[in-house]
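Two complexes follow with chain A in common, the first pairing it with chain B and the second with chain C.
Then we have the complex of A and B:
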C-alpha cells in the first residue's frame, strides 16, 4: 500500500487537524531521510503523509524565559549554522555536524532523528545529554516529557507519528559555569554510523575546574541512547585533570555494554568510549571545538 | 618537441554530457516493448538443487519468460576454465549464485515472479577459506577439481635454494590481502534487443566488448558475427566489467521471448555477485646480501577463485611473477594455487594480482631495511631495473625512469628530513613510507591468440576526424586520449576529433581495457591509423592543389605550403578533395602488433611492449589512542613515458591513490556463513571526500619516451594503485612501529599492535 495524499500544512493547527481528520491513518513526515529509505524495504502503512517541513513555527530556534527552544522541523544544517546554539548548545551543533552528509543535513530534522529512535542517532545523543524536554501536541492536548523517555527500543519511539506532533525541544539556557560537547569516532569521516558517540553537559563549580554535575549520553551502547549514570556519579565533585579523566574513561568503559559487530568488537567500542569521554571533555575545557569534522 | 595538443590539461571530451546528466548508460536505455530481467539468486552458499517450480511465478501478470537450469542448455563454457553453465541444474555454489531469470514488463512484476519461484534445496557443507578448501576433507565444489584447485601456476628460474643458502640475510613473512569491491558507479548491466537476420544486439556496460562477443557466442551457441555489441558510456569498471553471467541471461531471455530485455544489477546484487578482488595469502622468503642486494625470492600464494573461474588464475600467476621484473632478481621461485571456495567468483581489479604482491614485497623490503639498518630508498635504487635491462623472465625493459621517480619522490616529500624527525609528543604520531611498482602496458598471455590493436581514423568532408577503435572507454578518458593522439599525429586540433562509441558492426576488434594497455597498444594503433590518414591527406592535397607532397605540412587544423602562402584550413581542403572523389571521407587504417611473445614453459618471454614504473611516498598520522589513521600528504611520481593529457593522468593517480587507500584503510567484504554482511555503500565504507589527505596528493610525471608507445606514452591505470597499500602500511609502521601484514589496516589492529 502507498499513500494517496501528501499534505504540506503551513501551521501547527492545520497539521493537527489533518492528523485528526485521518484518524490515525495519516503519518507525519519531516525530512524523510530515514523514512524514504525505510519505505523502500518496508512500505509505510499510511493513507496520507503530512509534511511538517513547511511550518515556519516548527523551524524556529530561539531563547525564551531562560530556555532554549529548537523547533521540531529545524534541519541539521539549520542547527549547525545557528549562532544561538553555537553559544548555548554546542553539543547539539557538533552532533548535527556529524549527521550523514551535507545533502542529508539540509533536509533531515532534529525531531525526525528522535522519532526514528536509532540508538546512536547523533542529535538524539546530544538531546539526551541536554536532558531536553520534548514538547508534543496531540489534538488540543499539549504535553512535555524528557527526551530519553521517548526511546523504547531500536526504531521504537513512544511518539506516535500518526497522532502526535513534536513541536519543539527545549532545555534550560546554560550558565557561564556550564559546558556541553560532543564527540564521535567512525570508520570514515562522513556518511558513517558512529562506532561510538558521546555527548555531555557539564556543570562546573565556581573554581571552573571541579565537576558539580555531569550528564553523559552515549551510543550505540544499548537499544536506546544510554545515560552513563555510574560514570556521572563517579565524576561528581572531582577536580578535572588528565589523571581524573583517565579514571573516568575506565569507569565508562566498564559501565557500557556494546555489542560485537562487523564495524568493531564490543571490547574495542568499550575502550573507545573511554577515549571519547576523555577527549570530549578535554577539548571543550581547552576552549577548542572537536576537530573530527573540519 | 613541441606538441599542439599533448601535455596539456584537456578536459575529457564527453565531460559536459556526463556532468549534465545527458550521457546515457545501460540503465538509462529504453526501447519499445522492453522487458525487465531479474535474477533469482541462491540464499545458500552450497546446495543441491532438488526441484525448481516456476508455476506460480509464471502466473504473475506481465511475466513473459522464465529460464532455469531445466530449460537451458547445460554445455560448459568459461573465460579461463570451462566451469560456467548458463544456469545450473545440479547445484548452486555461492550465496548469490544464479538459479533462474525472469523477464517481465515491469521491474516489480519481474521481482515478484522471481520471489515466487519455489526451489527445493539440499544444503551442502561449504568452505570459504581458500587454504581450508585445499584440505583433503574439505567440501568439493567440482567433481573434477581435486582439492578444489582450479589452476596451479609454477615458475622457477635460477636456483633459489642455493641462493638462499648463500644469502647474508634471509627474511620470511606471510601477508594476507582481503576481498574488496570495485564500486563502479554504474552497476553491471545489459540491454539485449532482437536484431534483423536473427541477430542479437547487446548494449553492454563492459570493458571488453570484442572479447565478450566471442564468449557470449560460445555461451549462446551462436556465431559471434550474429552478435552485435555496442558499448555506450560506461560508469567505471576497474576490472569488474569483463564477461558477466547476467549479460548472457538477458540474451537467453531475449531469444526466448523475442523481446528486448534489460537486466541491470541492483547495488546489492552487484556486491553479492560482481567480480571482486582475488583475496590472497602470500608467503614470501627473500635472500639478500648484507648491502641489500636481492639474491632470491621464494613465494607461495593461495588465492581465492570463488565459486567459478572468471580471471583469478591469471591474476594469481601475475602475483606470482610480475614483480620479478621490477627488481634485478637472479633466482626466483613461485607457486600459486587458485582455489575454489563457496564465495563470490573473483576477478580483475585494478592491479591484477600485482597490487596484492606489491603489498607483500614492498612491505617486506621495508621490514628488511628497518631490521638491518638499510635505506629503503637506496635498496630500491640498488635493485630496481634500469633502461635496456632484460629481466629474469625475459621482459625487455625499454624506457625506465624508476630511479628518477625515486629521486623525485624523495626530494619532493623531503623524505630524509622527515625520516630524521625525533620522538613525537602527544598521542598522534606522524610517519612516512615508500613503495615502488612496475606494471605492464599490455599482457601477451592474457588472450592466448594475440595481443595488439587496430584502428580506423576517418576524416570527413567537413574536416572532422572520427576515431574508430574496439578499445573501451569505461570512464577513464580513453576516448579523449585516442582523440588527442589522432589530432596530434594528423595535425588537427583535438576539438575537431572525436572517438566513436564501440559498436562491433563498425569498430575494429579491440581486446579491451585491461592490463593498462589502452594508451600504449590501443593508442599506438590509433597513431598508426592517423599517420596513414595524414599520408593520404597530403597526397590528395598535393593532387588537388597541384603542390609537391614534400612541401606540405599539417598543423593545428591547417595545411601549410612552402613559402609565404596562406595556410589552408583542413576542412576547406577536405571539401575540395571529397568533390573529386565522389564525396568520400578519407580513412586511415592502422595496426599495432607489439613485439611480445607468449611466455614459454619456463614463463620466459617478453609480455608487454612497455613497462610503466612509479614511486609513491605516503605521509600519515596515527592516533595511538583510537588507532585512527589519517592521510596527510601523498607523493606519486610516475614514469608515464609521455604526458598526453595532464588532467586525466592526475585523475587516474588521485583515483588510484584513494582507491588503494580505501582498500588498505578499511574496505572489506565481510562474509558470515558465506553471505555478504555489508552489500551496500552504507556498511561497505569507501573513502569519501572527507577522507582524502589533509594536505594533498601530489602527482609528478617522468617522460621516459618509450619507443613503442604513441609519442612515447605508457599506461597509468593500474600502476596508480599498485604501490599504495604498502606505501601506507610502511608509513604506519614508521609512525607507530606497528607492522600490519593483513589488509585492511584497521584501528583495532593498530591498537592490538600497540598492546592497548
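Then we have the complex of A and C:
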C-alpha cells in the first residue's frame, strides 16, 4: 500500500487541520531522507503524506525572550549556515555539519532526525546535550517536553507523526560562561554513521576554567541517545586540565555500554568515547584561559 | 499545492526544468528521479544506490544539490530544477566550461557519477561565486558523490581549474 495523497500545506494551522481531517491515517513528512529510503523496504502505511518542508514558520531559526528556537523543518544546511547558531549553538552546528553529505543536509531536517530516533543521530545528540525542549502541537493542544524523553528505542519516538507536529526545539540563550561542542569518529568524514559521537554543554565558574555544571550526550552507546550522568557528576567543580580530562575520559569509558558491531568492537568504542570527551572539550576551551600544561 | 486529484493518487504539479515550464499529472508516491528519467526521458540523471548515499542522481533544485532518488516528485511543485541536460543551456557551446574542464583534466572514466559530480560542483560554485575556493572546499562539496574509478584527484583538479579560470574572467 502506498499514499494516495501528498499535501504541501503552507501554514502550521493547515498542516494540523489536514492531520485532523485524516484521523490518524495521514502522516507528516519533513525532508523525507529517511522516510523515502525506508519506504522501499518497508512501505509506509499512511493514506496521505503531509509535507511540512514548505511551511515558513517551521523553518525559522531565531532568538526570543532569552531562548534560541530552531524550527522543526530547518534543514541541516540551514543550521550549519545560521549566524545565530554559529554564535549560540556550536554543538548543533558542528553536529549538523557531520550529517550525511551535502545533498542530505540540504533536505534532511532537525525534527526528522529526532522523530527517526536513531541512537547515533548527530543532531539528536546535540539537542540532548543542550537539554533542548521539543515544542509539539496536536490539534489545538500545545505541549513541551525534554527532547531526551522522546526517544523510546531504536527507531521509536514518543512523537506520533500521524497526530503530533513538532513546531520547534528551544534552549536557553547561552551566557558568556557557557560552552558547547561536538565531536564524532567515523570511517569517512561523509556518508558514514559514527563509531561514536559526543555533544556537550558546560557552564564554567567565574575563573573560566572550573566546571560549574556539564551535560554530556553520547551515541550510539545505547538504544537511545545516552546522557553520561556519572561522568557529568564526576566533573562538577573540577578545574579543567589535561590531567583532569584524562580522568574524565576513564570515567566515561567505564560508564558507557556500547555493543560490538560491524563498525567497531565495544572495547574500541569505550576507548574512543574517552578520547572524544577529552578532545571535544579541549578544542572548545583551547586558548580560552585554560592552560593545558598545568 | 492544492490537491487537485481527479483520480485516486494523481496530482497535478507545475515546475520549471532546465528553464522550461512543465505542468504534469503525477502519482502521489512517485520519486522525482522517476519523473525525470522515465516520464521526461532525461536519462542523464543516473540511479545507483537509490538510497541517498551515492549522489549519482544529484540534480539542482532551487539552487541546492539534492538526491532526486529520495525526493517525492510532488515536492517539485513550484520548484526550479536543473539536470545535466540543462547545464549548458543558453550557451553557445554544447558543453558547459565545467564539462570541458572535466574532459581536459581526464576527470571522467566510466562516466556514471559524472552528471552528479558536475551538478554538485555547479551548485557549489554558484553559491560561492564571489569568493576564492580551495581544493578542500571542493572535496567537501562533492563528498556526497561517490566515484569508483578516478580516485577523485582529477575531478577535484577539473573543478579547481575551472574555478580559477572563472575567477580570472570575472
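What we mean here is this: the second predicted complex is superposed on the first by the 286 of 294 C-alpha atoms of A that agree within 3 Å, B and C clash if a C-alpha of one lies under 4 Å from a C-alpha of the other, contacts with A are read in each partner's own complex, and residues count from 1 in each chain.
In this section, a contact is a pair of C-beta atoms (placed from the backbone, for glycine too) under 8 Å apart; a residue touches a chain by one contact, two chains touch by 3 or more.
In this text, all values refer to a predicted model and were calculated from it rather than measured experimentally.
Q: Taking the superposition on A as described, I'd like to know which of chain B and chain C A:264 touches: first, second, both or neither.
A: Touch partner of A:264: chain B, not chain C.
Q: Please indicate which partner A:191 is in contact with in the superposed arrangement: first for chain B, second for chain C, both, or neither.
A: In the superposition, A:191 contacts both chain B and chain C.
Q: Does chain B (first) or chain C (second) touch A:7, or do both, or does neither?
A: After superposing on A, A:7 lies in contact with chain C but is clear of chain B.
Q: Does the superposition put A:275 against chain B (first), chain C (second), both, or neither?
A: The answer is first: A:275 touches chain B but not chain C.
Q: Could you tell me if A:101 is touching chain B, chain C, both of them or neither one (first, second, both, neither)?
A: A:101 sits against chain B and chain C alike.
Q: Using the touch definition from the top, say if A:84 reaches chain B (first), chain C (second), both or neither.
A: A:84: touches no partner chain.
Q: Of the partners chain B and chain C, which touch A:29 in the superposed model: first, second, both, neither?
A: Second partner only.
Q: Which chain, chain B or chain C, is in touch with more residues of chain A?
A: In the superposed model, C touches more residues of chain A.
Q: Find the residues of chain A that appear in the contact set with chain B and again in the contact set with chain C.
A: 101, 189-191
Q: Given the complex with chain B, which residues does chain A contribute to the contact?
A: Listed in rising order, the residues of chain A that touch chain B are 101, 185, 187-193, 262-265, 268, 271-272, 275, 279, 293.
Q: Residues of chain C touching chain A in their complex?
A: Chain C reaches chain A through residues 1, 3, 5, 8-9, 11, 28-29, 31, 50-53, 55, 58, 64-67, 69-72, 74-75, 77, 120, 124, 140-141, 143-146.
Q: Applying the document's contact rule, which stretches of chain A touch chain C when the two form their complex?
A: Interface residues on chain A, with respect to chain C: 2-8, 29, 32-33, 36-37, 39-40, 48-49, 51, 53, 77, 100-104, 106-107, 189-191.
Q: Over in the complex, which chain B residues touch chain A? Could you list them?
A: Going by the criterion above, the answer is residues 625-626, 628, 666, 670, 672, 677-678, 682-683, 685-691, 747-748, 751, 756.
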